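There's a structure below that I have some questions on.
Should a chain be cited, it is by its letter among A, B, C and D, assigned in written order, with residues numbered from 1 in that chain.
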Amino acid sequence: MSSLGFGDSRRGLFSRRHPENRPMAFEPRDPNYAQRVRDNFARQTVMTLIGAELTEVGPGTCTVRLPFRPDLCQQNGYVHAGITTTLADTACGYAAFSLMPADSGVVSVEFKINLLAPAIGEAFEARARVDRPGRTLTVVRAEVLAFQGERITEVALMQATMIRLAV
Amino acid sequence: MSSLGFGDSRRGLFSRRHPENRPMAFEPRDPNYAQRVRDNFARQTVMTLIGAELTEVGPGTCTVRLPFRPDLCQQNGYVHAGITTTLADTACGYAAFSLMPADSGVVSVEFKINLLAPAIGEAFEARARVDRPGRTLTVVRAEVLAFQGERITEVALMQATMIRLAV
Amino acid sequence: MSSLGFGDSRRGLFSRRHPENRPMAFEPRDPNYAQRVRDNFARQTVMTLIGAELTEVGPGTCTVRLPFRPDLCQQNGYVHAGITTTLADTACGYAAFSLMPADSGVVSVEFKINLLAPAIGEAFEARARVDRPGRTLTVVRAEVLAFQGERITEVALMQATMIRLAV
Amino acid sequence: MSSLGFGDSRRGLFSRRHPENRPMAFEPRDPNYAQRVRDNFARQTVMTLIGAELTEVGPGTCTVRLPFRPDLCQQNGYVHAGITTTLADTACGYAAFSLMPADSGVVSVEFKINLLAPAIGEAFEARARVDRPGRTLTVVRAEVLAFQGERITEVALMQATMIRLAV
């Protein structure tokens, strides 16, 4: 198993699940994980360019929020799928990073995203949750929500693979 | 087949292939396709924000180019995977759009991208080519290249599904 | 929106969500959906070949179960990723099909699967749930679980796009 | 770079490309790679079950062939998408494996496949080619073709990530 890049995390999988098979909280290996994630996020210059902010980080979870701006759009005035993806990828990366040891870096190996609805709204949130943490590879899923007044619409769904880099 | 969203394009598939099964040029249905693609691209405000330009469009192909800028980066100073994806998604969308009838819109259904190498370079190009055009759904692949002096590195590989919207 | 293939399902999305944004039950359009799914499954000859059975179908959900057999394996004696995928694809297809009108067919447009752990066990289940039903396209996610004694391991995670065919 | 799992393969990337950016032949690290692939394939019991055979292996390429059988089908009598995927995954795995050192194992990390046309034909071939070999991770693409008399139809397109296991 460890050769697969998922370390010994499999051993405790069932015990970390409640009966409906929903993941319970993961244990972070680095108690300072939240600050480490925030510091790392602050170095992503593109987040400043597009106006995104990190609004939540937990062990294995991360939320990135983006207010609408007219300069982030595709041809119909919706937020561009690439920007939606940028949010989701970033949230997935930091959800994975939160569970890594302190001496880690993280980059995306690959991801797949389904665009479910036009990204129309006053603000958007990508909410990521680790599905399977590993010593090398971590699998994460995210949804992107659009907020318009009282209404919340799911606009995208991502499934991603992140890799730990030793630093 | 037409119910599959790939229209009658399958009928002529083999005849469009040479013996090594490489796609030959597609026939555009709209002789004005190149101008239609350029006009549509000009409406993508995010392309102006990041500094991307459309540098090539053909029947079933499209290239989008992006000079490096330090405000497009992730934590290590590489261009963010989300920006790489924005380029590739846009190139795929317009490669598909080039083959659609004049009264069409296009949006992404989904895509998957592998990040192959850090996006380091003076400029980047996403080069897309339609693999399978359809009446409703079109499958497109793209590669993203980084240019640094004389050297070209392939940094990402996308496989995408685009959908035609009647307008 | 309807042009996107997701019909008017977006309109009621928020109302179908409870505060934690978990999907509530979908309303089937065909009251006879369960029998329609079972009849369709019975026509999949490959399910008989590999020994899979449909063990649950609900509005927007489906479970397919496979006992281990040594002739379903890859080089290390694990169930082959292609068989794991066959289960997950089938569960996703029928989860989508359950919400379609009576005069529908369904085929896969595309899917992406992460293999999380070796498929080792006495039996396997692919459990699919529709994330976004649409008039034409439906997005579904599935997990594949391995059962070994008391232990349950998540071995794969799929995100898929299914298309309705008019029949 | 080596941290990314792609080893130093990036260094020689440009020199391995001709002007149209088509990959040239890869150098196998194990001169006995073809026999190693064939021996490994022979241990995949599911290949015998479905009747698939390895018909070509080169440095970074692999073809797997499957004659049609009525017990491999989905509800409409086409070969099941899961079987198409099984072929493509296997071809991708061995294309990657062919470039690995002698003391290697290989498993799939993830893959994404687009189903382009119904899998109708007398026989099917999955043809895989490595896009990016790496020390740990290898990215491979495959197409699945259907053969019916004189006609060849592309029925699926895969983009996959394979991982080397030390053995």
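Rule of thumb we're sticking to: contacts are C-beta pairs under 8 Å (C-beta built on N, C-alpha and C of every residue); 3 or more make two chains touch, one makes a residue touch a chain.
Protein identities per chain, from UniProt: A, B, C, D = Medium/long-chain acyl-CoA thioesterase YigI.
Since this is a predicted model, take the numbers as computed values, not measurements.
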Far-end chain from chain B, centres as C-alpha averages: C
Chain pair showing more contacts of the two, B-D and C-D: C-D
Distance between chain centroids, defined by C-alpha means - chain A, chain D (Å): 30
Averaged-CA centre spacing for the pair chain D and chain C, given as whole angstrom: 25
Residues of chain D touching at least two other chains: 4, 105, 107, 109-110, 112, 114, 118, 161
Chain C to chain B touching residues, read off their complex: 3-5, 105, 107, 109-110, 112, 136-137, 161, 163, 165-166
Residues of chain C defined as touching chain A within the complex: 1, 4, 6, 10, 13-14, 17, 21, 112, 114, 116-118, 131-132, 139, 141, 143, 145, 150-154, 157, 159, 161
Chain D contact footprint on chain C (complex, rising order): 40-41, 43-46, 48-50, 70-76, 80-83, 85-87, 89-90, 105, 107-115, 118
